[in-house]
Amino acid sequence: MKRIDINCDMGESFGAYTLGMDVKVIKHISSANIACGYHAGDPQVMDKTVKLAKEHGVAVGAHPGYPDLVGFGRRNMDCTPDEIRDFVIYQISALNGFCRLHGIKMQHVKPHGSLYNMSVGNEAQSRAIAEAIAAVDPSLIWVALGGAQTPMVKKIAAETKIRVAFEAFPDRTYDPDGKLTSRKRPGAVIEDPEKSAEQALRMAIDGEIIAVDGSRLKMEIHTLCLHGDNPAAVEHARTIRRALEAEGIAITPLAVLLP
Amino acid sequence: MKRIDINCDMGESFGAYTLGMDVKVIKHISSANIACGYHAGDPQVMDKTVKLAKEHGVAVGAHPGYPDLVGFGRRNMDCTPDEIRDFVIYQISALNGFCRLHGIKMQHVKPHGSLYNMSVGNEAQSRAIAEAIAAVDPSLIWVALGGAQTPMVKKIAAETKIRVAFEAFPDRTYDPDGKLTSRKRPGAVIEDPEKSAEQALRMAIDGEIIAVDGSRLKMEIHTLCLHGDNPAAVEHARTIRRALEAEGIAITPLAVLLP
Amino acid sequence: MKRIDINCDMGESFGAYTLGMDVKVIKHISSANIACGYHAGDPQVMDKTVKLAKEHGVAVGAHPGYPDLVGFGRRNMDCTPDEIRDFVIYQISALNGFCRLHGIKMQHVKPHGSLYNMSVGNEAQSRAIAEAIAAVDPSLIWVALGGAQTPMVKKIAAETKIRVAFEAFPDRTYDPDGKLTSRKRPGAVIEDPEKSAEQALRMAIDGEIIAVDGSRLKMEIHTLCLHGDNPAAVEHARTIRRALEAEGIAITPLAVLLP
Amino acid sequence: MKRIDINCDMGESFGAYTLGMDVKVIKHISSANIACGYHAGDPQVMDKTVKLAKEHGVAVGAHPGYPDLVGFGRRNMDCTPDEIRDFVIYQISALNGFCRLHGIKMQHVKPHGSLYNMSVGNEAQSRAIAEAIAAVDPSLIWVALGGAQTPMVKKIAAETKIRVAFEAFPDRTYDPDGKLTSRKRPGAVIEDPEKSAEQALRMAIDGEIIAVDGSRLKMEIHTLCLHGDNPAAVEHARTIRRALEAEGIAITPLAVLLP
């Protein structure tokens, strides 16, 4: 039986500010990436979001970002690998406290926004993230972008002795080299839930992506990234989940999926 | 053989800003209270300070404070017990990541500044702190002010199933009711190292304090709080440590001291 | 012809976070209190909100708060009058830059949340606020709570040589001593727009409030505070404005209203 | 008679943290660049530093930086020109409040750290800074790096209708193309005060720099940047000032110097 994980960013509210439809989208996912207070989230939001995930049987992961609240962690910052390693340790560990409060084990770590994007294909930054994960808890799973950087990521994961899960984006198109098409290109984000669902199925069943030029790419994929920041995104997520289940694919948290 | 712990606040630098003479005062103490990024400290400072403590065989504790960097955690803030519990969980856990990085076990938690002061004698706030400690790791020792609030603190510690250590201040005078004399009163802070050393000896050997009116107070004391924020404070610390050792008192981390 | 100002808090979004229905509520008010980056708001939000107010012919005021973003400036903080004066100067002036960018003159200053609440009846804190206003621009109007503290506020305004406008809350009940009924008391917030509109009319036409015990209070009132944080609040605002206009009361910015 | 301005960064303390020897170095300069709360500084520090400058007859300028306190504004951040314009407006204006408090007129604006470095030769970012200055007060002088970018800066200054002053660094070496030698190259920072003083004289008297390859560069220079962050820097500043005065060069604030 085919299995795949579905992950989504959550816990991105802050103080008086609410962001994301966590309570709705959590029904459609198996792994939650929870913000840790740097680009979003605060201790009370983290507490509530871990509790919410536990109640829905959804696995919890840390979603560390740049120290840039006003920029939501989406602006590139020129941090050294040492700085990155330390602020990732800080954020993962902070979230871990709320996992302990609620008596669950943290499952994974997925960097957020520009921290994620800048690390793609960048060995020094990827290693800093992996070292942070290994330092806090080597049983944590590192979630990284699948495709072109797979060999590099696997090498770093092996060296730091942590497991890695590769993710793909059902609602994004891919270039022939296995990279995500730049968002600046029209059509890079797939708006039609049915098309996303179709791509999700191909990713989950065949480990395959059809690039923008029609070429077929084989890709190791463990988790699909969905979104929950608006009603359309939640509907999108529901459609994809339903399509996967209709094909008999089990939605399974990474910790169960990975050896 | 008599034994006592000596604790000191450390790791209060931040980014480009240096505060405290950590490298000097660490030679005189057995337990370090390390700032966790709210009132002071940042991930890189936390990393370096845990490493420094480990190198000197000094036990590491978390020193959580109010989310008020510009006020250095010294301004009262009207936070709810739930807010306090959550931001203490956050901070303790964040520091815990650096203990793991350096392969040591965290020993204790001592709140900072106004978080410490406002909790003295306040059952709801003290309970919030104790619950945070118990949630993260029930083997952590809670450091609380000795004296008048001892029964309340012991009751909360018993209920939350954590150990507590009481601290006293060799360089502060006490009122007859066992409370610290207000800093607004002249002479409340003892400037003469010899007098502080004398009071430290009485605290360590007899568990006794002579209040400002000359009355003798019995007090359960496990740790003495010293300071390292300027050269005079370091000299003060050196004098007190020397006086204790001259009387054959062993300077011992709390985890060894407490049953 | 009777005239009154209507003010509302605005520009409380921050980075990726949206708060308040500014675009809707602005149609119903004459003065906008714009957050200045401490409890809410950021430079881009301030820019857009000043622009929005200008486009609607609504007067702009600064809405300074405590330096407590995660607490939205609603938690009491124990700041000294000097600290308050300086961070109010900072925030007013920062907003002033965006008034210059858009070629308008700032009209007023209304403190936010706990900074507002803690200053009510507190001479030292009120004076700190007034001194900040006078330092930045003595032609700015200080918006303060009307009622019990009116004489104290007038005295401080006279001494610091600034004008003051008193505000009242159509959607809040009042105690017989002219203070707002505590929000902890049931019914302290009036949910029914018609009842609020009725109270608004009494405030605007008669300068009168009927307290919770039925007694009549005379009160100097220049501006009514409405809200725009949710659809019900906007509807509330619309109802009140309509009721005022139906009675022939002109909705007029403070700068026009005050001598 | 030859005249030149000497500028120095100041007011970079924050809360409990002290940075820089402002009280000592202020005796040797004519223009102070005061931090505005983003990379350093807080309202109380800004208040005190403007007061200090006024007492010493030193002209006050704003020293806006990236919103990155822990990185001290030294890390590149990928901000849009709109973001830059708005946060520069915010910071300049905030400092302006303290100039009003102390009854002085702000003289100039000099960006800090990476905001300064990233704007060198970058037209979009330089224009964002110039537009911010022009919006707040077109009589403010923009301080920019002299040398290679002079024509670009002059063009932008002309378009935004503000004055510009070019600065040079007596304690840095220059490449033949008029750019500062990278700090990564050994010798890029001149440690010997006498050599700096020699270069300062050449800059002030001849408007000339001898590049690392021995070639002579003509450069329009209005202000020399000195430092005050440690005792050696202050001694360096003293030596340079003395050398300039010994040659009969008048140390003159920019507002007097520029037409």
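Order of writing sets the chain letters: A, B, C and D. Residues in each chain are counted from 1.
Operating definition for what follows: a contact is a pair of C-beta atoms (placed from the backbone, for glycine too) under 8 Å apart; a residue touches a chain by one contact, two chains touch by 3 or more.
Remember, predicted model here, so these are calculated numbers, not experimental data.
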Item to check | Proportion of interface numbers common to chain C and chain D (over half same, under half different) | outcome: same
Checklist outcome for this item: Matching A-D in over half of the residue-numbered contact pairs, the equivalent interface among B-C, C-D or A-C is B-C
Next on the checklist: Can you compute the centre-to-centre distance for chain B and chain D, using the mean CA position of each chain? Integer Å is fine.
Outcome noted: 43
Checklist entry - Using the average of all C-alpha atoms in each chain as its centre, how far is it in Å between chain A and chain B? => result 40
Next on the checklist: Touching at least two other chains at once: which residues of chain B meet that condition?
Outcome noted: 70-71
Item to check | Residue ranges of chain C touching chain B (in the complex, touch as defined) | outcome: 67-68, 70-71, 75-79, 114
Checklist entry - What part of chain D is in contact with chain B in the complex they form? => result 12, 14-19, 40, 42, 69-72, 74
Checklist outcome for this item: Contacts from chain B onto chain A in the complex sit at residues 37, 43-44, 46-47, 82-83, 86-87, 89-98, 100-101, 135-137
